[in-house]
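Next come two complexes built around chain A: one with chain B, the other with chain C.
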Partner chain A sequence: MSIITVRNLRKEFKVSKHHRGMMGTLRNLTTREFTLVKAVDNIDFTIARGELVGYLGPNGAGKSTTIKMLTGLLTPTGGEVMVNGRVPHQQRQLYVQRIGAVFGQRTTLWWDLPVIESLELLRHIYRIPPDRYRQNLHEFTSLLEMESFLNTPVRSLSLGQRMRADICAALLHDPDLLFLDEPTIGLDVVAKERIREFVRHINSARGVTILLTTHDMADVERLCSRVMIIDHGRLLYDGRLQTLQDRFGGKRELVVDFAEPYPEVTVPGATLTHYHDLRATYEFERQTISASELIGLLSTQYRIRDLSVREPDIEGTIRRIYQEGLLTGDA
Partner chain B sequence: MRLFWEFTVRSFQRHLTYRAAAVAGLVTNFFFGILRVSVLLAILGEQESIEGYGRAELFTYMALTQAIITYLSLFGWYDLMNAVHSGEIATDLLKPMGFVSFWLARDVGRAAVALLLRGVVIMALYSLFFDMVHPTSVAQVTAVAVSLILALLISFGFRFLLNLSAFWSPNARGIGRFGFTISWFFSGFLMPLAFFPAWVQQIAHLTPFPYALNVIVEIYTGQLTGPALWQTLCIQLLWVLLLFTLAHVTLRTAVKRLVILGG
Partner chain C sequence: MWHTLTLYRRLMSVQMRSQMQYRTAFVLETLSTAVIVAVEFGSVALVLNRFGGIQGWTLAEVAFLYGMSETAFGFMDMIFAGFDPPVFGQHVRRGTFDQLLLRPINITTQVMGSEFTLRRLGKIALGLAIFAFAVQANQIIWTPLKLAYLPVVMFSLFLFFGGLFIIGATITFWTVDSIEVMNILTYGSSFTIDCPMTIYPDWIRRFFTFVVPVIFLSYYPSLYFLDRPELAEAPSFAPFLSPVVGVGLLLLALRFWHFGIRRYQSTGT
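Coming up: the complex of A and B.
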């Protein structure tokens, strides 16, 4: 049962052309010329209830435009959006009752009110039954460790505290669907981890469907089994993160510590990149040789004290996909 | 309605906390009023009265208009405009609540504090130092109160509409300033409307501005009574209805524009 269905979704913006120089200024005054920018260009996807999907793409790729259309803040130029049984931009008031949204870059709380007051207001806005409100508030505040700053005005919170408060605020009304837009941006490692832990919990324990946009690959690795990648308004990839890694991941590395010095340590199928002081580093590709084969080969010839395999990081893979346009043309 | 109340109360509490600013504002307000009334007294000169305004009426006019500057946000109100320009508006639109009433609720809370901390105090202070005219009957006090409430709604409707221009222009503050300046002139804040030539008064009364300020003075000083008073209150109510309808319609257009063009 899908909660989000998107078909041939398009959004075009008119950007007025500006001519430069004296004559250009005059032309700007007299004529209005526009360039059509395709922010989202014919994308299709469905998301099932209970999924946690990562939505990735470089800046300006069309991520926020898609999210704005999914939340009803933008009307599509063409195509269909159906979320939670409604067309967001047509039935916004009804639709937003059942969704939650967290934007890392801005708060949905009231700047000058203490956190708890903002949450109280949300209780009235969403007409949350008092019992349900109390239960949720109790659970979220303890999981997110918010007790210490419930009475602090939002403007005096640290970024990490504000983010936790915002996430709590977005979930009090038991939404079916949660949009998380860069929820870990600017946070330290511990704060990031705490938020990931919580996101995973509400997805698995409460079955809230989550669409996560982020630039933090650790978020993706820890949380999303499925990712969608958008660039230049087109959906380039939709599938498992691991598949992407297998196809486009860089070389794996094997680091070997030998028990005694050997003059010559090359092995077929792998490239020796570094050899110094009993420690050798090999690069090898998944397609050519497996880690166990390589280790087998080495251990028959040399006495090995220790070894470790390093997987290529997702961050690098994604960067290569954006920069080298690896996916263009095969979406 | 419950939600409206919750917002009003919180806005009220929040504005109550700015005490230092309130005191500073009060002092400025007091002396600014003295400056204004000196000019009016100079115009009055040796005459008994001009167009029904003698010394006592002029002091009352000055005290009243000074007292409701903050209540009506006469010197400008750009909160909604700022929310549009900063993009905060998007998070408000993502909440299932009436947009106009949400802003009205907050403004009512703000205005209530302004009326208590500024309005009442200023009126009391001026009564202490100057001879003034005050309402003489319960009916008149009631009329003043009703008129004050309607005036706030008119002022809010006007300010809300003016702020909505932010949806169309990235630099709407200029439009805002222009609007507020016009409102000083036609509302009778610069000078009682009775001092202007008849044709200016006629034009002024085609706008909502006299009904947000000038009429309060006229009711308070007893210049408006009987059927004329009733008529004035009715016109105030009509302006409220008209401005709120306009606000809703314009807001719908503005949001449609936003969702089509992007923020």
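Coming up: the complex of A and C.
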């Protein structure tokens, strides 16, 4: 059953042309010239309950405009949006009671209050039953290792601590759906990993549907089986991450350490890119030859001491998609 | 409704506690809001003393008008601080206003609860002091009706200024460039009201009677409290329109505010 249904969703902004200088200011006042910007241009998708979907796109692609429409902050120019059985921008108060949102760049907590008091305040705002609140608080604070800073004012938290507190705050009222916007931005590797683990946990153990926007491909790789890619307001790709990788990923690499030096190590189906001091690197395409075939070929001719296969990184794949518009008209 | 009210109380107490964390700053700021009123009224008083009054108004009578409106403005500035246009404009620009829209409570309550400037107590205290001086010096003949009507006028002024703040805040949905213009709207109107309307030329007085009827807000009530002779020229109901103007402007402001929010949701500044 789908929790988010989006049909022909559009959002256009009128951007007034600004002329500069003295005369420019006068012109701005007298004539109103607009250019129409299509921030979101006819997109369709559905997300089923319990999914964890990555929503990707370069800056200015229409990501945050979509999120703002899904959270009810913006009214669409056209099309339909139905989330959790409601039209977000029409029944704001009822709608937001059942969703959670974390915007990595800002906090929803009260700056001068100790974390626990902010959470208490949210308990009242969302009218969370006391028992439920206690259970959730207990579970989240231990999973996110928040006990040490529960009594610290938010303004004195480190970025990683603040992010954990914000994620906890967004989930106390048992939302059906969680919007995570850049939840790992600016964090160190350990902090990122902790947050990813927690996100995965609430998705799998609690069945919370999650829409994750991020620029961190490791987030996507670790968490999302499905990704949607938006650019210039259009949905370029919607499908499994693996499929994206298979179709548009760059070349894979095989690194081989030979047991003894050979003058000639070329092999059909792969290109030798590097050979030095017993170590050879081959590039090969998934469509041409599989890794095991290639390894088989090599091992019949040479004595191999060790080898490893390097997959093309998703970051590179996505970057190629943005830059070369690989998917345009093909999604 | 009850839920909203208790929440408002909670949000307010958060704001108070936050401010109390910086005790020295709080004390200094409270003093400074008092000093501003003192300097402003002091300069008016000096001028009035030099000329022995203005259009037949003595210093004590001007103080009545002044103290009443400053006190009301002080209370408003404390309670409606979330709508203070420059502050609210920042919330809109930084996206913190969006955070409020993501919570399941009435948005007006949340904005009111987002700031509570306790330091305005300085301004309120001085306003009350000036008002107390005026009451003392004018030897007002108190009647039960006057006693009952005084808080009504104060409250009407409070609502009126609150309305101005809401209007100013709403304008920041369109532009944050013209904060100064909004300060003229809010602080400017409060200062206009501080002075007896007789000092203004006819056209300004007509403007404040028929276009923006602030003349009924505190000027006519003051004539009534002070038993001023000008009252004879006005219709007998003139001093009693204060709540109509106060409540009226606040309601208009709230309509404009809701219109602004709808527009904000469709343009997303």
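Of note:
Following the convention adopted for this analysis, the second predicted complex is superposed on the first by the 323 of 331 C-alpha atoms of A that agree within 3 Å, B and C clash if a C-alpha of one lies under 4 Å from a C-alpha of the other, contacts with A are read in each partner's own complex, and residues count from 1 in each chain.
Heads up, the rule we're going with is that a contact is a pair of C-beta atoms (placed from the backbone, for glycine too) under 8 Å apart; a residue touches a chain by one contact, two chains touch by 3 or more.
From a predicted model like this one, the values you see are computed outputs, not experimental measurements.
When the two complexes are overlaid on their common chain A, residue A:L171 makes contact with neither chain B nor chain C.
With both structures placed on the common chain, the touch criterion links A:R92 to chain B and to chain C. Of the two partner chains placed by the overlay, neither chain B nor chain C lies in contact with A:V83. Overlaid on A, the two complexes show chain B and chain C touching the same residues of chain A, namely 13-14, 65, 68, 71-75, 89, 92-94, 96-97, 99, 101, 103, 106, 108, 110, 112-113, 117, 121, 124-126.
Put simply, chain B touches chain A in their complex at residues 2-3, 6-7, 10, 14, 86-88, 90-91, 93-97, 256, 258-263.
Taken together, the chain A residues at the contact with chain C in this complex read 13-14, 65, 68, 71-75, 89, 92-94, 96-97, 99, 101, 103, 106, 108, 110-113, 117, 121, 124-127.
Residues 13-14, 39, 65, 68, 71-75, 89, 92-94, 96-97, 99, 101, 103, 106-108, 110, 112-113, 117, 120-122, 124-126 of chain A touch chain B in their complex. Remark: chain C residues 3, 6-7, 10-11, 14, 17-18, 21, 94-96, 98-99, 101-106, 262, 265-268 touch chain A in the complex.
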